[in-house]
Every structure is written in C-alpha cells, then in structure tokens.
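Down below are the structures I want you to see.
In the two complexes that follow, subunit A is the common piece, with subunit B as its partner first and subunit C second.
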Partner chain A sequence: MICGIDVGSILIKAIVLDEKNSNDIVLQEIGKSIGNPEESVTTLINNIRKKLRLKKRDLQIAFTGRNCENLTMNPKIAELNCLAEGIHTSSDHNRIIVDIGGFTNKIIKIDETGRIMDYLMNNICSSGSGVFISLICKSLGIDIMEIDTYAFKSEHPHPISSQCSIFAETEVIYLMNEGKQIEDIVAGACKSITGRLIPLILKIGREINQVLMLTGGLAKSEFIKQDLMEQLHIEVKNPSIDPIFTCAYGCARSLQNTSKEEI
Partner chain B sequence: MLYAGIDIGSLTGKAVIMKDDDLISSSIIQVKRNPVLTSELVYTDALSKTGFTPDEIDYCVGTGYGRERIPYINKSLSEISCHGRGAFFLNNAIRSIIDVGGQDCKVISIDEYGELVDFRMNEKCAAGTGRYLEIMADLLGLALPELGAISLKSKTPISLSSECSIYAQSEVLNYISRKIKKADIAAGINHAMAQRVHKMTEKINLQPKFTITGGVAKNVGVVKALERLMKVEFQSLSIDSQLIGALGAAIFAKSYW
Partner chain C sequence: MKANVKPVEMLYEASQTTLGLIEGAVPKHEMQILKSFFRCMESNLRIKLEQIAEGKPIIGHHFAFPSEVFSCFDAVPICVEAISYLFSALFTTGSEKYYDLANSWGHPYHSCTSQKGMIGMALEHNFIDFDVIAIPSAPCDNTIASYQFFSEHLNIPTIVADMPYYHNSRGYEYYSNELESMIQELSTILNQEPNYERLRQSIIYSNHAVENLAEINNLRRSIPCPVESVFNPIGSAVQNFFSGQVEKEIFYNEVLEIARERVRTKKAWRETDERVRSFWPYMSVFFDITFCEWLDRKLGMPIVTDIFNYFFFGPIKNIESLDTKGMIDGLAYQSMEYPMVRQSESFASVFFEDAVNLAHQFSADCAIFTAHIGCKQSASMIQLMREILKEEVGIPMLTIEMDIGDKRMTSLETIKKKVLEFTQTLL
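And now, the complex of A and B:
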C-alpha cells in the first residue's frame, strides 16, 4: 500500500492507496499538527497500520505539507508538486488550482501533463487563509463547518475591516456588541477570503478560461465557491476526491511514480 | 486652572488631571464593553483622587483609538501628536518616540519645539504590537508583565522565523512541546518583537534622544533588545509609560484653553 501524509499547519491528512487495485482509496485519516508534528505523525501512522493490519514494509509513506520540514521522517515531496499531482491524477482538464490552506493560500497553474507552469503563495501573513475564518468562528462561538448555514442567510454581509487574523478575531466581538447579525459577519468573513484570493487568481490565470479547482479545508464551502463564481464568471469545482485530502493524495501518487521509476 | 487628558486605547483607558503645570492625578484601567463606558470610568477614577468634579475641569482633550466616542471632551486629537507632546514635556531633549500600544506601533519624530516632523504607524498587523506579546505570554502561561523579566534569565534564546503572529504562535507551541525553557522562548519572543519594531524605526529619519512609551515599554526584554538593534539608549521618563498619550492630551488642553 502507498500512503501520502500532508503535515499541514493545523491538520495532518493521510491517505492510503491500493496500487494493485487501480489506486483505490483504502483509508483517509486526519490528525492535529499543532504542537509536536513528529509525535502526531507517528501516532497517525501507527493507527493506519493497526486499522489496515499492515506490516511496516507493506506501507510505503511519503510526507509533504507546510509542517513536514522539521520531521525526521523521509522521503519528503514539495507541497506544490503534490497539489498539482493530486489534481492532475484525480480530475480531468483542470489548469488552475486554488488551495485554501490552514495558514496559507496557494494558486497553481498546471499544464495538461500536470507540470507546474506558475504559482503564487502567500507564506508571510495568514490573512485570508483557513485560520482567519476559524478564529472568527471561535469568537462567534460557532463551528467552522456551519459557515455556509449562516452565510447563506445573510442579506447584508458586513465587511471585516481587519486584514490581520488576530485583529479580525477581536473585531467580530466588537461587531457582535454593536448588534450586527452573526450571519452578516460570517458572510463578510467569507467575502474577506474571496477578496484576498481573487487578485491572486487573476494574476495567474487571467487568460485562462477553464474550470477552477478549489482545494483545501475551506473548499467545501458552497458560499465561498459561489462567491468566486459570481465574481470571476468562471466555473469553480471541487476535485473528485475529498478536497482537504488533495495534497495527501497527490503525495501518495507522486511517491508511486518515483517508486515506478526506480524499478 | 485644571486640565484633563483622556487616552482611550484598544486595551486600556488612561486619564491624566493637571493643575497648571503639575500632574496631580492619573488612572489606567482595562477597557470595558465600549469606549464610552471606559472613558467615563477612567475619568471618574482620576478625578476621585483629586476631589474635583468634572464641572471644575477647564478643558479636556481626548485621544487614542476610541477618542471619537468620549462624550465629555472639548476636543479630540490624534495620539501621534499627544505622544510627542507628552514625551517632550517630560524631557525636552527627546526627538524620537517609539510608542508600542496594545494594537498598534508608532514611531514619531519631533523637532526642538516638540512639533511633529514625521511618523510611521502600524495598526494593520498584530506582529510588533502589544497584542503579539499578549498572545505569546498566554501560550507560555505567563502574565504579560512576567514576559520581560523571565527573558533576562535566558542564555540560549530561541529564534522565531515567522513575522505573522499566527505562524509564530505555532512555532512557539512547537518549542513548548519540545520542553524548551520558558526563559529561552520568552527571550526569542521579545527579540522577534523588537526586530519588528526596529524595522519600523528604519523607515524614517530619527534623531537622538530616544524614548519608548506605551505598555510594551514595561517589558524590559523588548526594550533591551530594541536598544541593541537600534544601537541607542532610551531615556526613561518620570511617569508611567502608558500615561504619555494622556499627558500630552492634557498639555494640549492647556494650550487650547
């Protein structure tokens, strides 16, 4: 079996593929990456082996993600390559990937062979990434999985003026005290995310008139998807696999490719 | 004559009462639900120590992030001018003021008359503001005032690579989980904070002498690190570093009366 582990800034995502059985996804596992990733990754691997009753040599593993740098385990594959491979191997004719990660957003343009042609990534500031919304949800006392339920009810989305995730967290408490509706704040927060993404997308994919593939933790939000579609006049879709596992999936597929080459 | 200066910041409210040229009372409180309430409580507290009533105050100037919401002031002024004026009043050799507040950071240059020459301000990003230190102290299980003192015990400070408070938070959590000494983590945090402020001081032409004001001036670790980075020595002021904005406001009150 082949396993790709994406050690993200907040979550660890692992996916196991059966290479003898047309790369079927055998297992998907999620763990927390905050604190000591090395420990969390080890626990996750042990769980996987226990669940699938696999001996060490029967599970080939590769690592990727923002937090995998400090792992002592190997091999490691660059995150952007994994995302590209994940989309290329799971979905047809898609050339632009928009990944909303825990701490960073990435826009990647690939060619028809899955090769990266261009990319943009903000890894200096967490604004507009998953943690931005997650801190706002924490302040509002709602679950991040509920953002669509609230945002779709909003008639007048209230813009969040803070760019900084930390300041946004306190701004929404202030907005609540001012009597603003939760749904308007949530919709405003989602619009902050798309507002940060759109200029990046346009920079990379201005001339491209194709389906945009949304991946990462927030990719499942219909509200964010619809808002991107309305503003960009382009089709926005999720990959056929669970979007949060795209990078882990690509990591497993990349590992498989390199193993084949070695043989 | 009686004058008052009120400084409503993001985390604390400050009030200063002056009789002619003397500071006779002051108060610092944590912010309440809204700026109106904060401004009323801090004013009442400062006045109660003097025996005067609000009616007896001849002129009152408000400043700080919540200044527009203070109901009883005669005039409001930007905190940039007030910090400059307050620091200059206490020591007229000062030409550069670095004010690090709860949610912002200001670098202010004044001339030999105490007039504003130039300034830079960061209120967009939590890194380099008091908020950053607050988050980090919280992670370490320390009270904010402890962060400075404990860092002085460090012999091998950690180094934080990220600027973003969120990224740095996750770096710190990693150090904590690896059981690195609190003193070493605190020293790394204070250094990162000082680096960020240092970058801002490089954006304008600053002349000696220098002083540092605001809540962060109470963190000796940050102050020492910043002194090393800027290669200067800060002048210490005779009153609480958090009161300088309110003091400046009271001095303006006198000139407007």
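And now, the complex of A and C:
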C-alpha cells in the first residue's frame, strides 16, 4: 500500500492508496500536528498499520506539508508539488488551485500536465488562513464546523477590519460587547478570508476564466466558496476527494509515480 | 573633549574578532572574499578611529551620496546606513535594540530600517558625534523623513543636495551645481578650504574600484559563477562604507584576482555544483551572512548579482587633467546613476530595464525579490517586476517580504523555507 502524509501546521492528514488501483482510497486518517510532529506522525502511522493490519514493509510512506521538514523520516516531497499532483490526478478542472491551510494560503497555477506554472502565498501574517477563523470561532464560542450555519443566516455581514489574526480576535470581542449578531461576525470573518485570497488569486491569473479548485481545511465552507464565486464571477469547486486530504493524496500519488531513489 | 564614536569602536572590535576567527579557523583557500572584506574593514575602521582621535571632524552621510567629495576636507566620512546594517551583520542581536528604541520614540515601525539603527543609537546616547551630515534628496521620502531626526531632534547641521527627478543632461548639471554649493557649505561649517587635489586622488581610487567591479561582474557571468554569494551583502557595505577610500580599491582588486584565478583554473571553490543562478533585483539578506553560504553550499544557488553590486556607469574619464567642475560633474552623474538611486528615484521603467538586462546578461534562472513595506519605491513594483521578468526573460520570481536588517520580521528559517520551496517547485 502507498501512504501520503501531509504534516500541516495544525493537522496531520494521511491517505492510503491501493498500490494497484491508485484511485482507490483505502483509508484517510487525521491527527493533530501541534507539539512534537515526529511523535504524532509515528502514532498516526501505527494506527494506520493497526487498522489495515499491515506489516512495516507493506506500507510505503512519503511525507509532505509545512511541518514536515523537521521529521527524521523520509522521503519528503515538496508540498506545492503534492497539491498540484493531488488536484491534477483527481479533477478535470485543474488550472488554478486555492488552498486555505492552517497558517498559509497558497494559490497555484498548473498546466494541463500538472506542472506548476506559478504560485503565491500569503506573507508573514496568518490572517485570512485557517488559524484566523479558528481563533474567531473560539472567541465566539462556536465550533469551526458551524461557520456555514451561522454565516448563511447573516443579513449584514460585519467586516472584520483587522489585518492581524490576534487583533481580529480582540475586535470580535468588542463587536460582541457592542451586541453585534454572531452570524454577522462569522460572515464578516469569512469575507475577510476571501478578501485576502482574491488579490492573490488575481495576481496569479489576471484573466481567470477557469474553474478554481478550492482545497484545505476551509474549502468545505459553502459560504466561502459562494463568496469567491460571486466576487470573481467564476466557478469554484472542491476536488472529488475530501479537500483537506488533497495534499496527502498528491503525496501518495507522487510516491507511486516516482521510484524512492528519485525523490 | 573626545568625540563619541562608540558604534565605530564596536564595529572595529567586532571586525578584529571576526577576522581573527575566520583566519584562524577557516582553511586558507576558503572564504577568501570574506577574509579580504574583514581585512579592509579592520584597516579602514582603525584609520578612521585614529583620525577621529586626532580631532578631525566627522561627516555623516547617506549611502547614495558621492562621499568622494568629502576628501576635499581633512575629515572622516561615515555612512549612516552602513553602520546600522553592519551592526545587523556582525552582532547576534544586530541593530534590533536600536530599531525598537527608534520605534518606541515614535519613528514609524513601517519605515525602512536604513537610518533607524542610527536613530536608536542616538536615543541611547550611543551615537557618533557628527559635525555635519550631508545627504541627497534621494532616493526616497523615507531618507528625507528619517534624516529630519538628526537635523531637528539632534540639531546636527544637515545639508541636503537636491536631486532632480529627471535623469538627463539638465538634471545632471543641476545636481552638479548642488554638489558644488554643498562643498561651499561644508567649507563654512568645517572652517576648511576645499582641497581639490585630494578629491582627484579619491576619484582615482574610485575609478579603479569601478573598473575592477566591472571586470568582476564580467567574470560573474561565467558558468559556474566564480564569486561567492556573500560578495553581495559585503559588496553593498564596501560601496557605501569605503567610498572614495583606498580600501574599496584594495577589496575589489583582491576579489578580482580570486575570480580570475577561479575562472582560469576552472577550480571548484565549493563542493556543491551550480544548479540555479539567482538574480536579486533588490538586495540580499544582511542580518545573517551565513545565508549566502547556505545558498552556495547547500543549494548550489549563487547570487549572480543584485541591485547594489552593479554599476551602470564607468570611471570618470581623464581624471588626471580634469578641472574641478569636470570632477564634480562626473560625481554628480555617478551619484544620480548610483545603485538604488537610479532605480528608485526616477520612473520605474529604468528599474525594470535594468533587471531584465542583468537577468539576461548573467544567465539568471530565477529572481528573488526581498520586499519591505517601508520601501515603497521598490516593494510597490513587485508584481510588475514578476510579470516583466516572466515575459521578457522567461524566469520566475520569488518575493519574500522581509527586513534585510531585522531577522524578527521574517526569520532566516522562514526565508530558507521559501527559497527551498521555490527551487523545488518552479525551478
């Protein structure tokens, strides 16, 4: 079996593919990356082996992700290449990828063969990425999985003006004290995310007429997806696989495509 | 009373220690350029300190000012920006304490750090007792705004040479007149008559340096590049700190010899093969020069050139026979075409043209742009630069938001991560 492990800033995602039929996802596992990633990755691998009753030699593994470089385990594959491979092999609409990660947003443009033509990431501040919305949800006392439920109810989304995740958290507390509706704050926070993404997307492809493929933790948010569609006037889709596992999937596919020595 | 020159003394001690360390610990044939730099640095600072101890006046100046003109006077020129960035390069915590002091005093955090280090030093009374400061009104609003601190808060006589927007014959003539009146003003403040024969000698040193740099750059076009990446940050320091002084000539001479030898013998000077040639349209990292070693040795990615290490002008011709006006005209032209001034002061098409030409000439495989929010002149050009380099040279450009003098804005680890990612994906 082939396994791709994406060691992200917050979560570790693993996907196991059948060696013979790579389209067959055998297992998806998720764990926390905070603390000691080496330990968390080892636990995750042990869980996978246990669940699938696999011996060590029966599971080929490759690693990727923002937090993987300090792992002693190998081989490692560049995260952006994995994302590109993940989208290229799982979707027809594959020219512009928008990945909303824990701390980083990535916009990747690929050609029809899956090769990266260009990419951009947010610089310095994590505002507008996954951790931004999770801090806001924490201040509001809601679960991050509920953002769509709240955001769609909003009639007057309240813009979160801050450029910084930490200040945004403080701003949310003020807004709550002022009596603003939770749904308006959540919708405003989602709009800040799209507000940070759109300039990056436009930088990569001025005349975007392709479908945007949305991946990463927040890709499941219908509200964010719709807002992007409305503002950019193009179609925004998720890949056929679970968007949070795109990078891990691409990692597994890359491992399958490349012999170990070449990586 | 002895003038306060604590920062210069600190740099002198740091140069001595670093030189001792690398000469003692690093094999003879390795890091030759870095060793040459520290030898020149140590000697230049020693002479400066001796002259100051003799009671010679100290002239503070901006990096883009043709400091050769100061040789008309029996005085010690010190580049404000070079002090700040040399602190960043030579001390573990760099200029950070001084940046923080400047910020907490009220200097905006989002301004360029070029002058901020010295502002902080002044606030800590760990300053240089400048008798006078001379600056151009270029290359940016940041320069002018920051120097007001020295003139208004510290009451140091500050002379500004007004640099015109248009870089044409009228503009050069105008700036030459500005330099001439600046010399007159300096003469009054320092109570000395200008000695133009000393100016001639200083230009002779600079001419040799300009010629040698041009030849070094010719050799850097070879594949593999025969010059270490560290030449870029230290070259910037040499440009600005040794200007018009013999150490600049010596340093470039030594680098030239090293480069010639490497090209002639085709001898590898690093264990890693050259894989990617990077061109930095702006500047490289100053706060940790080991980064350059990492690029060379770990990635095989030499910096083939950057904005500060390429002159778009030649030596001042017929220097032996030129009259005073001719010498000042030559300096006016050079300083209006000086690195960063040339690209930032006028319309940005020059910046793009230079970048495209250099990327072509140096066979660059990619560009890396270090952008800082404080430098509107260059940071606002990043998207256009990316597109132009892609369209006209066919190379990708990575932008890293950072402060070249302050590792706290973007750490070395993050910078390395971004560069590595770039090489793994687009190259």
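Please note the rule applied: the second predicted complex is superposed on the first by the 254 of 263 C-alpha atoms of A that agree within 3 Å, B and C clash if a C-alpha of one lies under 4 Å from a C-alpha of the other, contacts with A are read in each partner's own complex, and residues count from 1 in each chain.
In this section, a contact is a pair of C-beta atoms (placed from the backbone, for glycine too) under 8 Å apart; a residue touches a chain by one contact, two chains touch by 3 or more.
In this text, all values refer to a predicted model and were calculated from it rather than measured experimentally.
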Fit or clash - subunit C, subunit B, common subunit A: clash
Touching partner for A:F63 - first (subunit B), second (subunit C), both, neither: neither
Contact breadth on subunit A, by residue count: subunit C or subunit B: B
First (subunit B), second (subunit C), both or neither touched by A:A78: second
Which of subunit B and subunit C A:N177 touches, first, second, both or neither: first
Touched partner set for A:K203, first subunit B, second subunit C, both or neither: second
Partner chain(s) touched by A:N36 [first = subunit B, second = subunit C, both, neither]: first
Subunit B versus subunit C as contact partner of A:D118, first or second or both or neither: second
Clash with subunit B, by subunit C stretch, listed 96-104, 222-230, 348-356 or 366-374: 96-104
Doubly contacted subunit A residues - partners subunit C and subunit B: 124
Interfacial residue positions of subunit A with respect to subunit C in the complex: 69, 78-81, 116, 118-119, 121, 123-124, 203
Of subunit B, residues touching subunit A in the complex: 33-34, 103, 124-126, 131-132, 135, 163-167, 170, 173-174, 176-178
Residues on subunit C engaged by subunit A in the complex (per definition of touch): 383, 390, 396, 399-401, 409-410, 417-418, 421, 424-426
Residue ranges of subunit A touching subunit B (in the complex, touch as defined): 9, 34-37, 39, 67, 70, 103, 124-126, 131, 162-167, 177
